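Sending over a structure as C-alpha cells; questions will come in a sec.
All chains are identified by letter, namely A, B, C and D, in their written order; residue positions are counted from 1 within each chain.
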Amino acid sequence: MLASERKSLVIDLDAAAATVRDGMTIAIGGFINSSHPMALVRQIIRRGVKNLTVVGAASGGLDLDLLIAAGCVKKLVTTYMGGEHYCPVAPFFRVAAQRGELDIFECDEGMFYCALRAAAQRLPSTPWKAGIGTSFPQINPEIKVYNDPVSGEPMLAIPAIKPAIALIYAAQSDAYGNVQHVSTGFGDRAMWRAADKTIAQVERIVPNEEIRKNPLATSLVGVDAVVRAPYGSHPFAGPGYYIEDSDHIREYVAAGNAYAKSGDRKPFEQYLKKYILDPPTYEDYLEVVGIKRLLQLHEY
Amino acid sequence: MTPEPNFTVKELMASFISHQVRDGERVAVGAGLHVPRAGILLAHLLRCPNVRLYVVMTFTSLLKEPRMEPFYTVYDNRPTKWAEGYVLHDDFQEDPRLVSDTFVVGALQIDKFGNSNLIGVGKDYKHLQFRGPGAVGTLSMAHYVDRYYLFVQSHDKRIFVDKCDFISTVGWGEGGADGRSKLGIPGNGPVYCVTPLCVFDFDETSKRMRLKSLHPGVTVEQVIENTGFEVIVPANVPTTAAPTDDELETLRGRIDVEGMLRR
Amino acid sequence: MTPEPNFTVKELMASFISHQVRDGERVAVGAGLHVPRAGILLAHLLRCPNVRLYVVMTFTSLLKEPRMEPFYTVYDNRPTKWAEGYVLHDDFQEDPRLVSDTFVVGALQIDKFGNSNLIGVGKDYKHLQFRGPGAVGTLSMAHYVDRYYLFVQSHDKRIFVDKCDFISTVGWGEGGADGRSKLGIPGNGPVYCVTPLCVFDFDETSKRMRLKSLHPGVTVEQVIENTGFEVIVPANVPTTAAPTDDELETLRGRIDVEGMLRR
Amino acid sequence: MLASERKSLVIDLDAAAATVRDGMTIAIGGFINSSHPMALVRQIIRRGVKNLTVVGAASGGLDLDLLIAAGCVKKLVTTYMGGEHYCPVAPFFRVAAQRGELDIFECDEGMFYCALRAAAQRLPSTPWKAGIGTSFPQINPEIKVYNDPVSGEPMLAIPAIKPAIALIYAAQSDAYGNVQHVSTGFGDRAMWRAADKTIAQVERIVPNEEIRKNPLATSLVGVDAVVRAPYGSHPFAGPGYYIEDSDHIREYVAAGNAYAKSGDRKPFEQYLKKYILDPPTYEDYLEVVGIKRLLQLHEY
C-alpha cells in the first residue's frame, strides 16, 4: 500500500486573490517595470481589498502606485517609487505621500532586505550600519539606534517585517510549487523566505520532470500555491517572454500625472474601468489589451 | 571666440567619469543614468579590461562586444545574455562590496558637504512640497563603497542647497576631514560632483565643495549664480578635459550608438 | 515466552519515527543517522506523499524512486540526481524553517528535561575528559523547528545523566511547561526520545522524561537501571507498536536495501 | 586604441599556498568528507605555516584535523569536527581540545554563518536567537548576550570573523575567476563573501565561453586567484568527479586513533612523510596514491 500521488498546488486566480484580506501585510515581487504579479494585483483591486500594508519590491514601481490609486494601501514598505524613464516619481504615491495620507516605512535597499531577513530568520531585528548620519532614524521611528554589543559603535536596528503572503511573478513552476525564474528573480527569494505563505503567478506550469532537468534554476523551492496567468506581468516585462508595454505604461503615467498636476482623477477612473473593473476575467483584460499588442512585446 | 566643441556636455561628463574607474574593480552600471553608464563602459573598453561590470544583476565583461545593444533600464532582461554569473538583488545586502567598489549617486538636493537627498523637498516629512522617489540603494552603496561620485543632470539653486531638507546619503556630514570617520562611516565618500556646468571636488580640510574645473564655455559666475551655497573658487580653475578622439569614437561607435548623449 | 519478533530494534525505531512525520512538511534527512533517515523515507513512501525531503542540500520527492540508492552521508553528491532545487548550506541560517519543520537530534548526554550535549564530557571546558564533535546545526535547528526528536543508538547511564555537563541544544531547560517560553525559545521542543530500549515522552507539567513505551522484551527495570536520572513510570507502559508488514516490506525492499537496519 | 586583454588570474599551487602566512585567519571550504582544497592544504603543511586561525567549514572535518596534527593551527572556528561514519570525533582535534592546546570558537552552524555574514556585511556582529539557554555564551566568551533594541528580548551577538583568505575547492573556473561548483557548493559562497581574498582550487580551467553557457551555475562570481589541481580534493570527494577515498581516510583515521588512544604519533608521522613531506610536487602525491586507485573513485 503506497502513498497516493502528490497534491497539486495549482489554484485559480480568484482563489489566490481571495487569500489577501483587508488589513493584511503582503509582499509583491519584481523590480521597477518588470516581473510583477499583475493578474493578482488587478484581481485584488477588483475585490476591493483595503488597508493593506504592502511590502513593495526593492525597488518598487508603478504596480504599487496602481494599488495606491485604487485605494487598497494603508502603509508602504519600499525604497523607490518610480517608473524609471517613464516617470521619476510614481504619481499617486507622490500625492498621497505629500498629503500625509500614506504611512511609509522609509528605507533604502539595504534596510529593506534587513527587515525581510529578520523576518525570515525569526529575529526581532537585524543590524545595519549604513544610515548612521542620515535622516532615516528620524523619519522612520521604527528604526532604532543602539550600540553594537561587541564593538560598542552606534548601529541601526531594522525591525523584522513579516508578510503574511508574498505574491511573486515567475516564468514557470511545476504543480508542486517548484518555481523557476528566468534570469535573476531580483529580490523575490528574500520575500519568499520572509513570508508566511507564498503564491507564485507563472507564465507556464510545467511537468515536474522539466524542473528536475535544471534544479539549479529552481529559485523558490516550494511555494504554497501556484497560479497560471500567461502575459501575467503585463504591462510590465516578463523576463524571457516579453518586454514591458511602453504605450500602456505611458497611458497609466499620463492618467496619474493628470491627477498629480491638476487633481483630475477622471483619466485614472477611465483607466481603472477599462482595464480592471470592466473585464470580467483575466483573459478579458488580455482581450482589451489585444493579442496584436501582446505579440509585439516579444523580448527579442 | 572659442570654436564650437565637437562633443556634447554629456559626452564630456561621460569622459570625465570614465577616468574615475580603476582597472580590476567591480563597478555597478546603473543603467538609468545614461551619462555615468556610458562613462563606465568607456573606461572598460579603453583602459580597464579587468573591471567586473555589474549589469542588471549579472557580472560581465563586455570587451568583445562590438556594440553595446541599447539597454536603458536596470530591469531589462536582455543584457543578461552577457552574464558570466548572477548576483541577486538581495545579495547586495549580504556584501555590498561584492557588487561595486564605486558608485554614482543622483539627488534632488545636494549640500555644500556633499550630503544628498532623494527623499523629498519640504520641512515637514509628513507634508512634503515635493515627494522624491526614495533612497533606492544609494544610502547603503555610498556607505560601503571605496568612494563615490555625485552626478546631476541639471545645475541650479533648487539642487545645490546650503542644507538638504533630508539626508538620504551622507557625504562629509557636517564637514571636516573627519566628517565621515567621526560618524563611523567607512570609505572615502564623495570625491567629485559632476554637473552640466562643472566638476566640484572637496576642500581637503573643510570638505566643502570646491570648483575643480569648468566645462568649456562656462564661467565661474555662472556656477556661483546657479549654486545655492558658497562655492570655494581657487585662483585658477582649469577647463574640464575634453574627450579625446579615441574616446569619442568608442563612445559613438560602440556605446552610445543611439546617440542618447548627443541629444 | 514471546515469540522472536520478525523485525530488529532498528526497524522498530524507524517505524516509530516514521509516524512522527506529517504530510506536507519539510523534513531534513540527516543521512548519517540511518534509523531516522529510514523512518522519514518510510513515512514519505507510505503516508506522506507531500513532504519535501531535504537531502544533501537539495529538496526532492522520492515517491517514484523504486529503491533509494544507498547514501550514507550528508556530503555525498550522488543523491543530488534527485534534486528539484538546491538550498545551500548557508541558506539554512537565512531561514531555518525553509529547511525543515522537524528534526532529529543525537547527543553524548541527555538530561531529564531533554537538554542535550554534543560538546564534550567533563567539568572543565578547557580540559574535557572526552571532547565531542560539536553542535553541528542541532542548536539552531532544534530552536526553530516546530518540534524535534531525540535519538540515541545506545541506552546507558553515560548518555542519560541527571545534568548535562554542557548544553548544546535546549530541551525543556530547567523544566516546567514554560521551560522554553520563559527563555524566549519558540517551538514545541523535544517530543520524544527514542532509544534502543524504549521511547520516552515528557510529563505535561514538569516536562521531565517519562516512559512512554517499552520495546518488545524490554522491562521497566532494564530502563531504570540504564538511566542516570529518575524516570517517570506510568502505571501501564505499553509495548512500542511493531512495524506493520507493509512497513517492513517497504523498508526492506525500497529503503534499507543493503540491510543497515538488520545488522 | 582598445584595452588589452583581460588578465589571467591563474597562479601555481606554491604561489597560492605562499599567500598563507603565519598567524593569519584563513577559511577552508567544503563539507565533512567532500570538497576541501587539499592540494593547497598539503602545500601549506609543507611550507610549515604556524599559528593559523582556521575558519573550517560548517561542518568541518578531517582536513582541519590534518592541519592540527601538522601543527599549523592555533585557533579553530567550526561547528563539527568529525569524519561522519569514518570517525565520530576527529582524533587530533579531540586530543588537542582535551589538553586545552587549541583555542576553539565554539559555535553551531547558525552562529558560524552569522559570524561570516557579519564580516561580509562589514558589521561588528549579527544577532542570533538560538543558543539562549545553552552553554555557548559561557564556553565562547566572544559571544555577547544583549537585549534586542526593538523587542527588548535577550539575543546573542555573534562577532564578525573575517578571513584574510578563503581557500575554496570547486569543479571549474575560467581564467578570470568565475567559479562553478558541481551541485551545491555547501557553504563556500559564505566564505567567499566574508573573506578579503579568495583562492579557488579547481579540477579544470575552462574557457570563459564555457562559463557563459550556464551563468546560473557560477557560484563565485570573481575570485582573486585560481589554481588548477585535478583530483585536488583527494582523499575527500570532488562532486561530479570522484567520491572520497575510503581506504585512505581509514588509513588517516587509524594513524589518528593510534595517537588519540595511546599517544603514539609514529603512524601519523609515517603518513605525513609518505603523503605530504616526501612527494616533491602535487603530482608526486597523486603518484603515491596511484592512478589505479584514483580511477577507482569515479562518482558513478
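Just a few scattered comments:
By our rule, a residue touches a chain if its C-beta (ideal position, glycine included) is under 8 Å from a C-beta of that chain, and two chains touch if they have at least 3 such contacts.
Quick caveat, the model's predicted, so the values are computed rather than measured.
With respect to chain B, maximal separation of chain centres occurs for C (centres as means of Cα atoms).
Each chain gets one centre point, the mean of its Cα atoms, and the points for chain A and chain D are 39 Å apart. Once the centre of each chain is set as its mean CA position, chain B and chain C turn out to be 57 Å apart. The residues of chain A that reach two or more other chains are 117, 122, 128-129, 153, 216, listed in rising order. Within chain B, residues 58, 80, 83, 86, 93, 96, 144 each touch two or more of the remaining chains. Under the contact rule defined at the top, the touching pairs of chains are A-B, A-C, A-D, B-D, C-D. Against chain D, in their complex, chain B makes its touches with residues 26, 44-50, 52, 58-59, 61, 63, 80, 82-87, 93-98, 144, 186, 246, 250.
On chain D, the positions that touch chain C within their shared complex are 31-35, 58-59, 78-82, 84-85, 88-90, 93-94, 97-100, 106-111, 113-114, 116-117, 128-136, 138-139, 153-154, 182-187, 189-190, 237, 239-240, 243, 299-300. In the complex of the two chains, the chain C residues touching chain D come out as 32, 56-58, 72-78, 80, 83, 86, 88-90, 92-93, 96, 119-120, 122, 125-140, 142-144, 166-170, 173, 180, 183-185. By the touch criterion stated above, chain A contacts chain C in their complex at residues 1-7, 117, 120-122, 174, 176, 178, 193-194, 208, 211-212, 215-216, 218-222. If you check the complex, the residues on chain D that touch chain A are 122-129, 142, 144-146, 148-151, 153, 155, 157, 159-160, 216-217.
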